[in-house]
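Next come two complexes, and both contain subunit A; in the first it sits with subunit B, in the second with subunit C.
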Partner chain A sequence: MASTESEMGAALKNTESAQRRLEIKNQIWAFGIVGFFAVITVWSCAVDVRYLYLATYIWFGLIYGMALQYGRFCMASAFRDLFAVGVPRMTVGILIALALFSVVASVVTGAGQSTFHPLPYGYQNVIGGILFGTGMVFAGGCASGSLYKSGEGTVASWIVILSLSFSQTWFAMAGGWLNRLVPASWTKSAAAKNLPAVLNPTNGWYNQYLAGYIWNLPATTVAVLTHIKNQFLAAFVGDALINTIVPAIFILAVVYVFWYRKSHIKNMLKAGKKGWRAEVAGYWSMIAASRRTAIAGLIIGVAAGLHMWVTEGLRHVFGVLNAGELLQAMGHTSGLSIQDTVFDPGYWYITTQEAQWSGWLLHVLGVHDMRNIFYGLQNGVPNPLLNPPGWMSISIILGSSVMARLSNEFRLKLPSLETAIWALIGGALMGIGARIGIGCNIGAFFIPVANGDPSGWLFGLGLGVGAYICVRFYDWWINRRMAKEDIF
Partner chain B sequence: MKCHKAWFHLPPSFRRCWASQGRPVADSGKRVILPVFGPVTVTESLNFLGVDCLRTNLLTKKAMGLAGCGDVLEIITDNPSSAETIPFMLPNYGCLYLATIHEERYRVLYVRKVMA
Partner chain C sequence: MAVQFRRQSEGVYFLDVKGYVCPHPQLYTKKSLEKMKPGDVLDLVFDNPSSAESINSMCEAAGNEIVSKVKDASGAMVWRIKKG
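Moving on, here comes the complex of A and B:
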């Protein structure tokens, strides 16, 4: 007996010591990553101070990555958990984050330091959202979720990013049979724009979609629609209050009534409480359950606002409107668009930079992928080492890795074959959805909504519909597999 | 006690790869000692290593729906998001959260069905 106890004690000590070793290893990794970015920043700025523009994206990306991992900030999870298992935790957290970010964004807009441009609104927001929403549930993570999960060591998310990247490039370049699906009005409108022939404006589905349809659509923010003269007041009332906070409170109430109230009221009745006090307590407990995501949302909100402010400030200091001008001035002309620009949103954005990675790779391999509007006119295919938003995505992954390492949650997780296939399919749907919706769950939903652009809600509606369809499909699929394989 | 693998049609190489990463699936009728609830006997063990969050959550939901009153489910997952969502699912399916054990590469959740 004594021997068994001593053996157990020794085993426990070994486990504790292994745990401590793992913690130290993780801390070294975490500080190593931060040190890596610090060295890059100092070295590049010593070479040319204009690299500070690129470093800005890196450091804000690092903050986003850490906050995303801490809050498990994933919109796929938000919709999926609600529809699949009736858990509103992530939905509530993201809505709170949205409301908080809108306040920060309104201050930045009010100060005239916003880099945000509203997106065109139309049915494409909903269609893109549906495709993206379906894809993100298949993939097991949205665009931002896949980045942070990649940093946690989830190999399936790496597959999602690859698929998202290449599907966008394919979609931006595809012609052939897809040309047959282009309405004549788009072709006519695209031709009327008199774009350089090298861009093939009347060839390729996406070319004609952009030049013949998207560019003709209106875009606005609620602040503009309110006609309030004071910039601060317009941004706060229009963009934050009307476009974000009031709808967020309303959606929270709907979520409370349909998904939370039932279980909460049961507990309240057991405790002998009822009436409006019980309802308010229930509403609050639903919000409190999402504290971690809300804290992450607050950090992201403040960081995203500051990101816009700092980028706008640097553009002013360097006298440029786009990172392409800086790259050209520093002698990096390869991969610039015909306007000498590159993709440079000036705020938190995901998907286009991933498309640029595969675009650049194909370009290096000799594929003429600049002969279209998406790359050739708008975004370019810069070297990933000189791509500011590309660095932001890399630092989101590594920022998440830092957080995962510090909380001992980093694990290299191989997917099952089936999960890998779903990741591939989901990533492709997300890529196509992002191109149609002109953004992802961040660039077409989170950022636009918080900045007063109503098109974001249309994309959000599509995300919800897509996620619902996918959850129902997945449920059916699993039932079918379970019946076949006699599981349970 | 039955034990279920939640992946399908994996090539043997993949399974071997996993075998080195995940722990072996629980033995029949395993008794575990949980921090607050003390010793419990596991009725079903669900291995979700390498499985995405949606499938983990959906299969857990189905298992909870099919469990009998008093059954204890052991859920093995390496997905932190699912590990945090599952405790919030339980009240909807008449289950009680018992504990989460943090292993080196995954987490093990224990839940008990308390209402039919």
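Moving on, here comes the complex of A and C:
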């Protein structure tokens, strides 16, 4: 007996020391990653201070990544868990985050320091959203969610990012049979723009979609529509209050009534709260249950607002409107668009820079020649080492890794074959949906909504519909799989 | 790696969804619990951290009790859930 006890004690000590070793290893990794970014920031800025522009994206990305992992901030989860398992936690968290971010964004806009440009609105926001929404549920994470999950060591999310990247480049370049789906009005309108022939404006589906359709659409923010003269007031009332906070409170009420009330009102009644008091307490407990995501949302909201402010400030200081001009002035001319620009949104964005990775690779391999509007005119294919928002995506992954390491949650997880296939399909659908909707759950939903652009809600509506379609599919799929087990 | 779902003994079920990401672990868990009788126990093995919080909230709302939460040698989560 004594020997068994001492054996158990020794085993426990071994486990404890193994745990301690793991914690130390994780801390070394976490500080190593932050140290790596610190070194390249100091080194690059010592070489040329203009690299500060790039470093800004890196450090904000690191904050986004850490906050995403901390709050497990995932929009696929927000829609899917509501429909699939009736859990509203993430939906609530994201709506709170949106409301908080809209207040920060309205201050930045009011101060005239916003880098945000509203997206064109039309039925494409909804269609892009549906494709993206279906894809994100297939993939097991949205564009930003897949980045943070990659940083946690989920290999399936690495596959999603690859698929998201290559599908966008394919879609931006594809002609052939896709040309047959182009309405004649798009071709005519694209031709009338008198773009350089090198961009093939009347060849390729996406070229004609952009030049013949998207560019003709209106875009606005609610702040502009209010006609309020005071900039701060216009941004707060129009963008934050009308476009974000009021709709968020309304959607929260709908979520409460349909998904939360039933299971929690019983507890409230038990606690002696009746009538409207029980309802208000229930509504509040639903919000309080999403505290972690809301804290992450607050951090993201403040960071995203500051990110716009700092980038706009640096553009003034360096006297440029786009990072392409800066790269050119520094002697990096490879991969710039014919306007000498590169993709440089000046705020949190995900998909376009990931498209550029595969665009650059195919360009280097000679498969892709930038003779299209997406790369050739707008975004360029800069070397990933010199791609500012590209670095942001990398630092989001590594920022999430830092957080996952510090909480000992990092673990390399290999996908099952089935998961890998869903990841490929989901990533591709997200890539195509993002190109049609001109952004992902961040660039076409989160950022536009909080900045007063109603097109974001159209994309959000599409996300909901797409997520619902995929949830129903998975429900059918899993029922079929479980029926085969035949153990009941 | 494929989903494994089996009956261990009377009233004790085993579900292994390692290698699966959202929403599979939570959906398989929900459907397994729906098929079981009150008082039955489910031993659940999964390695997708994001599913943990969904399964937690799901069990809380449905009145199922999570009896224990441990990690196995590979770091995967092993939860015992008692249907309420």
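In the analysis below, the second predicted complex is superposed on the first by the 481 of 488 C-alpha atoms of A that agree within 3 Å, B and C clash if a C-alpha of one lies under 4 Å from a C-alpha of the other, contacts with A are read in each partner's own complex, and residues count from 1 in each chain.
By our rule, a residue touches a chain if its C-beta (ideal position, glycine included) is under 8 Å from a C-beta of that chain, and two chains touch if they have at least 3 such contacts.
Quick caveat: nothing in here was measured; it's all calculated off a predicted structure.
Peer 1: Look at where subunit B and subunit C land on subunit A after superposing the complexes, then choose clash or fit.
Peer 2: Pair status: clash.
Peer 1: Could you look at A:R481 and tell me whether it touches subunit B, subunit C, both or neither (first, second, both, neither)?
Peer 2: In the superposition, A:R481 touches subunit B and subunit C alike.
Peer 1: Quick check for you: in the superposed arrangement, does A:V42 touch first (subunit B), second (subunit C), both or neither?
Peer 2: Neither partner.
Peer 1: Across the two complexes, find the residues of subunit A that touch subunit B and also touch subunit C.
Peer 2: 72, 74, 76-77, 80-81, 84-87, 89, 137, 140, 152, 154, 156, 263, 289, 409, 411, 413-419, 423, 471, 474-475, 478, 481-482, 485, 487-488
Peer 1: Can you list the subunit A residues touching subunit C in their complex?
Peer 2: Residues 72, 74, 76-77, 80-81, 84-87, 89, 137, 140-141, 149, 152, 154, 156-157, 263-264, 289, 409, 411, 413-419, 423, 471, 474-475, 478-479, 481-482, 485, 487-488.
Peer 1: List the residues on subunit A that touch subunit B in their complex, please.
Peer 2: It is residues 18-19, 22, 72, 74, 76-77, 80-81, 84-87, 89-90, 137, 140, 152, 154, 156, 263, 289, 409, 411, 413-419, 422-423, 471, 474-475, 478, 481-482, 485, 487-488 of subunit A that touch subunit B.
Peer 1: Please give the residue numbers of subunit B that touch subunit A in the complex, ascending.
Peer 2: It comes out as residues 4, 6-11, 14, 17-18, 21, 49-55, 57-63, 66, 78-81, 84-85, 88-89, 91-92, 104-106.
Peer 1: For subunit C, which residues are in contact with subunit A within the complex?
Peer 2: Those residues of subunit C that touch subunit A are 1-3, 5-7, 13, 18-24, 26-28, 30-32, 35, 47-50, 53-54, 57-58, 61-62, 75.
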